[in-house]
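You will see subunit A twice below: alongside subunit B first, and alongside subunit C after that.
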Partner chain A sequence: MTSINRRDFFKFVGAGGAGAGAGYLYAELVKRPQELLVPQVVPPEDYSPGLATWYNTVCNQCSGGCGISVRIREGEAKKIEGNPVHPVNQGRLCALGQSGLNALYNPDRLKTPLRNNNEGRFQGIEWEEAIDELAQKLNESRARRQSDRVQLLTGNIRGHVNGLIGHFMEWVGVASHMQYDFTRPANLYEANQLTFGQSMLPYYDIRNTHYLLSFGADYLGTWLSPVHNSLGYGHLRQGQTEKRGTCIQVEPRMSLSGANADEWLPAVPGSEGSLALGIANVIANGHYTGADQAEWANALTTYTPSNIARLTGISEVDIERIAEEFFTNASLAIAGGAATAGTEGVATHIAVNALNYLAGNIGQKGGVIFNSDPGFAQTSTFEHANYQQMITLAEKMKNNEVDILILHDTNPIFSMPSSSNFQEAMENVPLVVALSGFMDETTAMADLILPTDNYLESWGDDVPEPAVGFSVASISQPVVSRLYDTRSLGDILIDTARMMGTEVSWDSTEAYIQDVWSRIYAQQGGDPSGFDNFWRSALEAGVWGQETASTNQGSTVKPFPVNQLSDVSNKLEGDESEYPFVLHPYLTLTFLDGRGANLPWQQELPDPLTSVVYNSWVELNPGTAVELGVKEGDVLEVTSPSGTIRAPAFIYEAIRPDVVAMPIGQGHEQYGRYAEQRGVNPIDLVVPNFDQRSGALAWAGTRVKILKTGERVLLIKTDGITRTLGRQILGPSEAEHG
Partner chain B sequence: MSVLDTIRKYREAGYYKEFDYHWGMTVDLDRCTGCEACVVACQAENNLPIVGESSFAQRREIKWMRIERYWEGEYPNAKLNFIPMFCQQCDEAPCETACPVFATYHNQDGLNTQIYNRCIGTRTCAVYCPYEVRYFNWFTYTWDEPLERQLNPDVSVREKGVMEKCTFCIQRIRQAKDLAKDDDRRKVRDGEVTPACAQSCPTEALVFGDLNDPESRVSKMANDPRGYQVLEEQNTSPSVVYLQKVHGDEEAI
Partner chain C sequence: MLSVHNRPPKIQAIAKQEFREGVRVNVSVLEALKPLRKSALLGIIGIVGIVVGLKINAAYSTHLKPVQPIEFSHRIHAGENQIECLYCHSSADRSPSAGVPSVAKCVGCHERIATVRDSAEIAKLNAYWQAQEPIPWIKVHDVPDFVHFTHKRHVLAGLECQQCHGPVETMDRIERVADLTMPWCTDCHTLNQTDNGLDCYTCHK
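Moving on to the complex of A and B:
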């Protein structure tokens, strides 16, 4: 019961009449504690009330590597904006990046270490106990010299935190660290390795190109570094003085980039690489004059415009016209998305690289520019796990060859097809430790959960990839103090190693990062006494860059290995007579691979192309819908050789009649209140084939059939009538113009 | 005659010229990609509530800034156009004439403003608005703890029964004016105020500034021959100028 103290009592008495007094007393009783009203005689050290401060750090919502500035008032994060001096995003930021605050202040964050009591329930435990348990198990494994039976599996981590992980692996005896990220363009890395001898992402200079030809790459929504690409796009359209750049998009279902392109070409799904080779054929035989012209013409003989027109559904006239425009303009070809997520994803990328080579775009302004070495010793104690390696890991786990699995911020159970049985395999691992911020599907399988800091609470650094043409490194720093009893990945590793008796010279991730930077600073010839100033200014700016000598390799373009060109027809899984439609799953800019589904702002953000909120849907061509008698909201059963899911139909104007598209991201069984039991996950339909050369999952290579269930739901969306009906909304009509 | 002249049609006889500012914005539809970064920026800056799925189902969403989609043609020649839509801060605002309690009025900066604690929730203004950019609080929305810690202390949180809409981030304008005063300047310099939407825009499609200042970036943009106003025939005289999208088959302007 609330007691009334002396002062309150006098207030009560002073309030006068009994009625007024009773009312006042009630208000006093239900009022929140008064601590907030106490004037700050001793103001807190880290902020001035009423004054906003901005701290710079790095966005972690996708792997674009944008710099962000977070507005802090009274110790709380209020808004995330782009860091104006960061060369990747130059002050701008996408929707997902801005929703990072929803992750920081998410009500469903993990707040304390948890242990699974083997009855499917988690119990809170102390940090000491949790670390001790992990340390003991690692000690046992080390005593048995079985470092190969401990597996570290994380999401995408860049920068020197990887160095700390490398040290940890050495200290405690872990042989393998794999990074698994569904959105990683593994096929692009592999293709660049095969054609340019560089397994890194070059800089695609969208900003300065006059003719952008994209094969399925949704560069404005999800491809590589969307904010940087969008900055480039704005310049391409209205910033270039010579001419307004042209954008061509080849894809079976119109993406955000397709909607903004001048021309949208719905080629047969899986034939995008063939179209690239068809265009290459026209260039090689009519325009290209390089020394290896004969070799090219010879390699591309079968890809004549007439053959390719039959294969892709794009007319010969268009192929020849695009080839000419592509060759004569300062052009750039890129590929991504579903177009390169088939069984021949690498081959498709190679075909597109060939186009860039033939048009002389390599190393040119507005073309493909290779970055110089970032000048940072990058650690290589980890490998990027492709789908094939994940399957191998699942096999190992199934055969009881893994004793300890340490997970961090990766959700393979959600982003791998259920037919890959990763979940079942995990059940065989005696100890699964999840270092995670949220209870997602994979974390829920853990025996021990160690809650990690949000990215706005932890230290780190980052070298953005694709880079921007010169050396750039950014620093992640905590912008708010920890909300809960969480620790960062690096700190947990240090604590565990210490618990195991290892001498660790760094007390925290912060100390480690600072130490690494001081060594880089010294290597660059900095005066040791000036490091503190350098460090402070680097933290203030959030980014450190160095203009290096020209990285333009235009004059030294290596001959293209023409023999790498190969068959580009992607194999589609499923018999066409039984499964008449091609499934086109796509990443959305709202959820990416599902990681954004726990953010309420993202759930409430209308999908940019359909305006649907809070749900999944199946996109059908209007003609197909009429044929099948399907209307918007009809619940459809979509069946592939791998499984069946149900979702409401959405009639989409710009999709091939033989394709059905579904957004990736929803369909979480775990992941907090905003994500759970909402929509479906189309990855579950994917037949787990992979590209032979890269081992990446061919998530766009599955056929499906559709069945009307007869059930109807209201598909919640914000759009009403999506035709202008003659109203002056998009501008005066042509007639009025003239 | 440029679009700016049509705006000024109602401003002759020195009516607004006396005042320091006429805030305006230009939206370059040739740059806008429909990525909705502005939508989230607005939500974060202005404490827009998380209304929930059922409110969306009843079309009770609150998004001061939204992207509209308009299709042209049929497959395979279907084209999609995006247009950001938000309060046009009309000089001749239909909503202002409608309000029975003068909760919405025009301020001396050319802004159409909403006084929350005067609003009694008749929703007449929303009916009168041809752009449908006024949003009504059907409930007192709450934030699941600790999401409320994100709320911007410079902007009030609205309650049930109150109409709300884009303010051109008036709190940022206020702050810029204060800073200019501290700096012994009477006027805010061009570029010192940027609303959250324009600040976030990854393609730099949105430009904000003072239309009274002929040298400001927004005035120069508004004079672009592609400039037009949405639903011009309504004679609302908006302070927002859209720059028409250039279609691929036309000569670039």
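Moving on to the complex of A and C:
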């Protein structure tokens, strides 16, 4: 080795130094960043770090009334599951219910009271100031004795919070409280009132029926109480010892329930009620032996199988076969969805009720079971607003007959056709106060916004409807403390009334609910000293009530008012030559009427039948698509007599060639970052007709035409193609015999 | 494998030439290494440097013994005053996490201890309490998120806290003595013949 010279020496020192530096930095780099260990200042009750506690409350994502258990760790909600002891959902929960966390932690929640500064901007204000402003305006109105010029408009609120609202109306002078919910089956309520004299929903015992005939009711997806229905469906298929139940689905576009049925009958849209009466005709003339047989046969003379086959496109043979099967099996007929959202929705429901009556399903196990009395009075100081009443309200607002409009949890601007001009009418109201959790289209019109709690943060109670065959109630409790500076609806009402100088004996919604329940407890014969125990156990269990043998079997069935049967052919708006297709808007189990569109988990959830994510689409039959030269992703212009929207095409095998279907829920202009500017709202195409008897919007009674725009987009979907390409995944022989 | 003989004639010729020249190449490699000896030495010094760097980092770094927002002394509390570990870390025997006492718990005692009530560190505590803010303690014992460690199992198995946390009752400022790496865990699990102690799913789930 040669000697080390000066230059080498410097090289060695450099190498050593660089190495040491690199080593030091490397050690720094691989260190995990320091974390903090942050204790509670004052720990909440039964809190221990690292341990989860499950609290029971009630889901509020749709009106099914499922019981939920929420997993809480370190005071934060981590997961929502079904409450195993709640009879509605029995431990199960749907995707929308799971997404409740997305609503709780949504970054677009309203976090502080806001005032519109008249330049279209909202400014944060203090609660005191906001409540004071509302109280002042209400005081002025009360001084003028103009309680009819104050309108309270809320979404579907159940339970005794309505009682508190009733008190508030009395205290401050509000004459009217309307509840508007697009998903409320108004036609079904009306039909049940007319035929059974009960405007409550009966229990449809899908679980124990052997033969389920559904006219457009997507009972597995969106109809009434989907989780409970799905449980029933599981039992119907696999749990019954006598027989594997049969499901028949009548609808022009295959829904989730259609895809799970044994038979899918795509009757002409709008003729579902006629089909029901056709089946009823066969039963009345060959099977039914009741005392009023002649009356029935007489009322149904025109609904012969041949006539009905021509009208509905379902063959005579099928009609007669279904009639026989329906009569001889323990059967159940239900109706819903687009089939009952026409101009004759009530008539269609009555026709289906008639089927149940003729087959002897009323009050039977596996049939239609009426609910026993819940055992305590429920308040009804409100009315359910149907579409017609909403139009009347819009007229009133337009004519400056409303001074103050108080909104809560309802979005009529989105769920009413734009041609109903609700938005324009609202502009005429001097003071619009929105008690909302989110900035939706309707809230954005408000002058004053009071942010409300998420349902996981508030008190309430609920009597599920449809019930489960016996009386049940659940008390909902806050499972987390408030994340933001929000208040519950009841608390805002109490605060406002106090600000106006009213003596209010309850300090909060909690106190009110507890008071109501102490009275119910006393009414049930409970010992007053035991109330605390009762209250604690009711909150702990999340449900109150006992299963009783309440099927009114054997009790006399009231005769069916045959004279209520009427013309069931729904009127379709639009000239067939100009508008060749029938628009079939449908509720999705991801968004319902659009309320779920701000939940990112729901946006990510592929539609169960088309597998499309994130967008709106127009479903076309493959034959129709070939005829029009349309391929998947072609942007179509869908035009009705009421308006035009654009959405990409999706080729769907299970839809009638003369029908185009569009999912409801997307197309929000406001409602937070996850919902805005995504897809279109097919309700805007609906010509605002309504059912004469119930006043409900006929949202499935519009014809449309389709134009190819030449634009193309890539539809985001998880499916490849629906054909098997000879891969023998499901051969015809397997499908038939398997 | 292709042998030289299986190749087409032309390629065979080239391959043979390569083979012959290879001998010469080998000889020249040794010669070429001579001037590289200095560079090799340079490399060795560099590597030694890296090791020294790592050691310096380990010796002077404070991440095993960070300065806390309040100079809390375990020596005084657990050592001199003989307070049970579980009195403050109260969920260690029933939860994955041992827990740190709430500010309310600290204040609850210190309100009543006149001798130290006005000391600088207690003043800090009172400041947190008055502001109703939590004390941002710096975590000393931490395992990565993919490790499902639970205090409950270990405490119920009869382990002394000191077995992992060291002689806490002698420390003025809390310090990590165990390296909390996987071999450190599995050594103990092996030695004590823990049930399923070496099953992946016991800790990684």
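By definition in this document, the second predicted complex is superposed on the first by the 671 of 738 C-alpha atoms of A that agree within 3 Å, B and C clash if a C-alpha of one lies under 4 Å from a C-alpha of the other, contacts with A are read in each partner's own complex, and residues count from 1 in each chain.
As a convention for this text, a contact is a pair of C-beta atoms (placed from the backbone, for glycine too) under 8 Å apart; a residue touches a chain by one contact, two chains touch by 3 or more.
Please read these numbers as outputs of a predicted model, since none were measured by experiment.
Participant: Look at A:T718 in the shared chain and tell me whether it touches subunit B only, subunit C only, both, or neither; answer first, second, both or neither.
Facilitator: It touches subunit B, and subunit C stays clear.
Participant: For A:I72 in the superposed arrangement: first (subunit B), second (subunit C), both or neither?
Facilitator: The answer is neither, since A:I72 touches no partner chain.
Participant: Is the number of subunit A residues in contact higher for subunit B or for subunit C?
Facilitator: Of subunit B and subunit C, more residues of subunit A lie in contact with B.
Participant: Between subunit B (first) and subunit C (second), which, if any, makes contact with A:A309: first, second, both or neither?
Facilitator: A:A309 contacts neither subunit B nor subunit C.
Participant: Touching A:L51 in the superposition: subunit B (first), subunit C (second), both, neither?
Facilitator: second
Participant: Regarding the shared-chain residue A:S99, is it in contact with subunit B (first), subunit C (second), both, or neither?
Facilitator: In the superposition, A:S99 touches subunit B alone.
Participant: Could you tell me if A:E604 is touching subunit B, subunit C, both of them or neither one (first, second, both, neither)?
Facilitator: first
Participant: Looking at the overlay, does A:N89 come into contact with subunit B only (first), subunit C only (second), both, or neither?
Facilitator: A:N89 sits against subunit B, while subunit C stays out of touch.
Participant: Which partner does A:V42 contact after superposing on A: first (subunit B), second (subunit C), both, neither?
Facilitator: second
Participant: Under the contact rule defined above, give the subunit A residues that sit at the interface with subunit B and also at the interface with subunit C.
Facilitator: none
Participant: In the complex of these two chains, what residues of subunit A are touching subunit C?
Facilitator: 1-2, 4, 8, 11-12, 15-28, 31-32, 34-43, 48-51
Participant: Please give the residue numbers of subunit C that touch subunit A in the complex, ascending.
Facilitator: 37-38, 41-43, 45-58, 61, 63, 66, 90-91, 94-97, 99-104, 128-129, 132-139, 142, 144, 150-151
Participant: Residues of subunit B touching subunit A in their complex?
Facilitator: 28-31, 33-37, 39-41, 43-45, 50-51, 53, 56-57, 59, 61, 63, 66-72, 74-76, 78-83, 144-153, 196, 199-205, 226, 228, 230-233, 242, 244-249, 252-253
Participant: Along subunit A, where are the residues that touch subunit B in the complex?
Facilitator: 73-74, 76-82, 89, 91-95, 98-99, 101-102, 104-107, 220-221, 226-227, 230-231, 233-234, 237-238, 243-244, 246, 254, 256-257, 259-260, 262-264, 266, 483, 589, 600-602, 604-606, 608-609, 611, 613-614, 621-623, 653-657, 673, 714, 716, 718-719, 722-724, 727-732
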